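There are two complexes below, and they share subunit A, which is joined by subunit B in the first and by subunit C in the second.
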Partner chain A sequence: MRATVAALLRKELALELRTRESVPAMVLFTVTTYVLFHFGLDRDTVEGDLAAGVLWVTLLFAAVLGINRLFVAEHEQGGFDGFLLAPVDRTALLVAKAVTLLCFLCAVELIAVPAFGLLLLGPSLGQALPELALVVVLADVGIAAVGTLVAALAIQTRARDLIVPLLVLPLLVPVVLGASRATAPLLAQGGAEALPGDWLALLALYDLLFALIAYAVFDFLLED
Partner chain B sequence: MLTYAPVDADQGVIQKIFYVHVPLAIVALCGFVAGGVLAIQHLRTRDRRWDMRSYVTIHLSIVLAVGVLVTGSIWARASWGHWWVWDEPMLVVFLIVFLLYATYQPLRFSIEDPERQARYASVFAIVAGAFVPLCFGAVRMAQSVTHPETGTMTTSGPGSVTVTFLVSLTGMALLFVTLCKYEMASKNVTSQLRRLRRRLEGGDDGLPAAGRSAAPQP
Partner chain C sequence: MPETAVALRGAGRRYGERSALRDVSLELAAGQTLVVLGPNGAGKTTLLRMLATLLRPHAGEVRVLGCALPDDGYLVRGRIGFLGHEPLLYRELTGRENLRFHARLHGAAPARVEEVLEAVGMTARADDPVAELSRGMVQRLAIARAVLHEPELLLLDEPHANLDPAAVAHVQPLIGRASGRTRVLTSHDPAGGLTGADLALGLRRGRVALLDGCADVTPAQIAALYA
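And then the complex of A and B:
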């Protein structure tokens, strides 16, 4: 199982390093969205609730782009058949894809969060960074679990591009809710405030629940 | 219900929409969760009848959810003066859940192979069914609760709020079950009729139904 996941993960990362399809597009998308928010809100800087909302909605929409592309190579080039023919546990594909998506999201956020601090955020990002990283990772795990599941669900439908956002956005409402409430005090005007623990607990609960559900039902999406 | 139940001291007659709104909401939520449980049965047994049951339950719950949104909106307008109130958790949860389940039909419709359609729809139903209680908890946590609770209302007049509410809830649940039975019967009869008609025309019995459909075909 571990070897399979490692092999699949190597393949995914090699593919992304060579084609550079997802991550650059997601990064460009986030920066463009910041510009749009600047003009749409007519504000030079944002802070507190508003900053958290702008950041998380942007990251969520960027994640939708990545989720949309997640299984495209498998679908178009017979990767599913190849994987099903191999004598390995099917859950390995779920784990590998979820970790891939997690890597993509972290790579995007490594650029998108500093870019947000540079372009839109009023208060300085510096002191809140460790706490922010914790919230980001917790939210990313949830997005990766749900995103992988929805990507696998939508890839076999005719209207993939429509089904993915329609499914993912309502499913991720609790993540946006928890992440932006947890982030808001970190980005507040007069310096960062304490991290609210109950929202982190909600995010962790969400991650756990959907990781388990994805683990339980993923096999049924692969039999053909 | 109109004459027996006591009149609310603050809200007046409009409060009686409570006896429609809340049972609708509870039955719809339970219907969504039940759809998920039936879908688990389908994935475990591979029996297409479970998929049909799951489909019918979710389908009717979506209809009830529209009812919840409409009655909730009317009640909010009457008692708080706004058509939409963001700090009423039930209403917000229903909007999110409704938006999620609104994708159920398009998802089924966009998968052609009936076997795969049933399997994928079941996966969706399970994920969404688990999402409903989580989402409810999250939204409830986000808001200072202003939702009126049954026990806290000040009332005048004879009769009991609890009894009326329980009667409405039972009625709504029975209505839901009856509608489910009707829809199942209708689906079965339609497919039987189609099969007979095809046989009458001398066609092959094994042909799939003409045109695609979001509904499962037994």
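And then the complex of A and C:
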């Protein structure tokens, strides 16, 4: 399965590099949203709980853009048929798409998090970065697992653009909750506080649970 | 006694309440060619997609290369070459990138990609994005994709669509009778389709309207099929 995942992943990254459809749109969305928060909250800076909430809600909505487009090439250009005709484990498609989404999210966050620090955040990000990276990775794994599952389900419907946010946002409430609570102490005024372990554990448990659910049901979503 | 490559017994397929195929029974021996004829909407593409394991049969028995579908579909997938209405190629990738991707999925050697590109006469344009190629060139690449893994059974839906006569001649060694493979193909050209086939299946509204050796099919039967 590793060779199949590598082949699919290589194709996904080549397509994104060629079309630049997902990541640039997601980055632009996050920066625009920070500017909107700046004016909407009528504050020059945010910190603590508010900063964490703004950061994660923005990243979550940006993720929805990527999730919406995750299977578009497969659906519109016969990629599903091409894959289903090959003698390979179908789970490889789930893994490759989830890793692709994870890569997209990480690429967006490499720009979006520093941009958040520059445009909105009061306290400096520097000291909190290693711990924030851990929270980001745990949250991204959950978003990638749920996002891939929902994208595969929604692509079969005509109302894909509606179904994705309607399904993915409620399902990702625990991720936003866990990530925001874990991030808030890191963005507190007066220096980063300790990382709350229980919220990290919640994120890790969520990741494991939804990775297993996605693994269990993905094959059925590919059946005609 | 030649081995049976495709066997259907009362096979059927529905889309919702509508029956696209009903009670189709036939046998095709290995190495033979079946041409499927019929007017638009007769069920030709549905039959091909069912044999390719892309659609589940809803009634009857379907066996392809000795494997019962849909349960043993995973055993037969790598042994089928499918050429449908869609080329199954990513428009933003080049022809070579597309074929290398499919070669990796099928476990075919990278050298085979160059071999099939040469065989369909697309080596010179292999590094152009598919979106920039003419329909005929895309069809040639789609043929290259379908035979990349050297399948035993070819399922060809209008294989000569968009091809000029020279291109048709060019791809004959890959998908024609000369390929030596078992073939099931659809055609809107009854005369041309019957020429290269052993067995003719005529479908009308999803039902078998004609099933006979190609040599025995009469013009009157063809006319009745399309009437």
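In the analysis below, the second predicted complex is superposed on the first by the 224 of 224 C-alpha atoms of A that agree within 3 Å, B and C clash if a C-alpha of one lies under 4 Å from a C-alpha of the other, contacts with A are read in each partner's own complex, and residues count from 1 in each chain.
The rule is short, and it goes like this: contacts are C-beta pairs under 8 Å (C-beta built on N, C-alpha and C of every residue); 3 or more make two chains touch, one makes a residue touch a chain.
Just so it is clear, the model here is predicted, and its values are computed rather than measured.
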Original post:
Given the touch rule stated above, what does A:A73 touch, subunit B (first), subunit C (second), both, or neither?
Top reply: second
Subject >> subunit C versus subunit B, contacts on subunit A by residue >> reply: B
**OP:** Could you tell me if A:L222 is touching subunit B, subunit C, both of them or neither one (first, second, both, neither)?
**Re:** neither
Subject >> Contacts of A:V88 with subunit B and subunit C, given as first, second, both or neither >> reply: second
Original post:
Once the shared chain is lined up, is A:I213 touching subunit B (first), subunit C (second), both, or neither of them?
Top reply: first
**OP:** Check the residue A:R18 against both partner chains and state whether it touches subunit B (first), subunit C (second), both, or neither.
**Re:** second
Original post:
Of the partners subunit B and subunit C, which touch A:A7 in the superposed model: first, second, both, neither?
Top reply: second
**OP:** Check the residue A:L129 against both partner chains and state whether it touches subunit B (first), subunit C (second), both, or neither.
**Re:** neither
Original post:
Is A:G178 contacted by the first partner subunit B, the second partner subunit C, both or neither?
Top reply: first
Original post:
Can A:C103 be said to touch subunit B (first), subunit C (second), both, or neither?
Top reply: neither
**OP:** Pick out the shared contact residues on subunit A: the ones touching subunit B in one complex and subunit C in the other.
**Re:** 223-224
Original post:
Along subunit B, where are the residues that touch subunit A in the complex?
Top reply: 43, 96-97, 99-100, 102-103, 106-107, 110-112, 116, 119-120, 122-124, 126-128, 130-131, 134-135, 137-139, 141-142
Original post:
For the complex, which residues does subunit A have touching subunit C?
Top reply: 3-4, 6-7, 10-11, 14-15, 18-19, 73, 77-79, 81-88, 223-224
Subject >> subunit A contact footprint on subunit C (complex, rising order) >> reply: 52-56, 74, 77-78, 80, 82, 84, 86-93, 97, 101-102, 104-107, 129, 145
Original post:
Which positions of subunit A touch subunit B when the two form their complex?
Top reply: 149, 153-154, 156-159, 162-163, 166-167, 169-171, 173-174, 177-178, 181, 198, 202, 205-206, 209-210, 213, 216-217, 220-221, 223-224
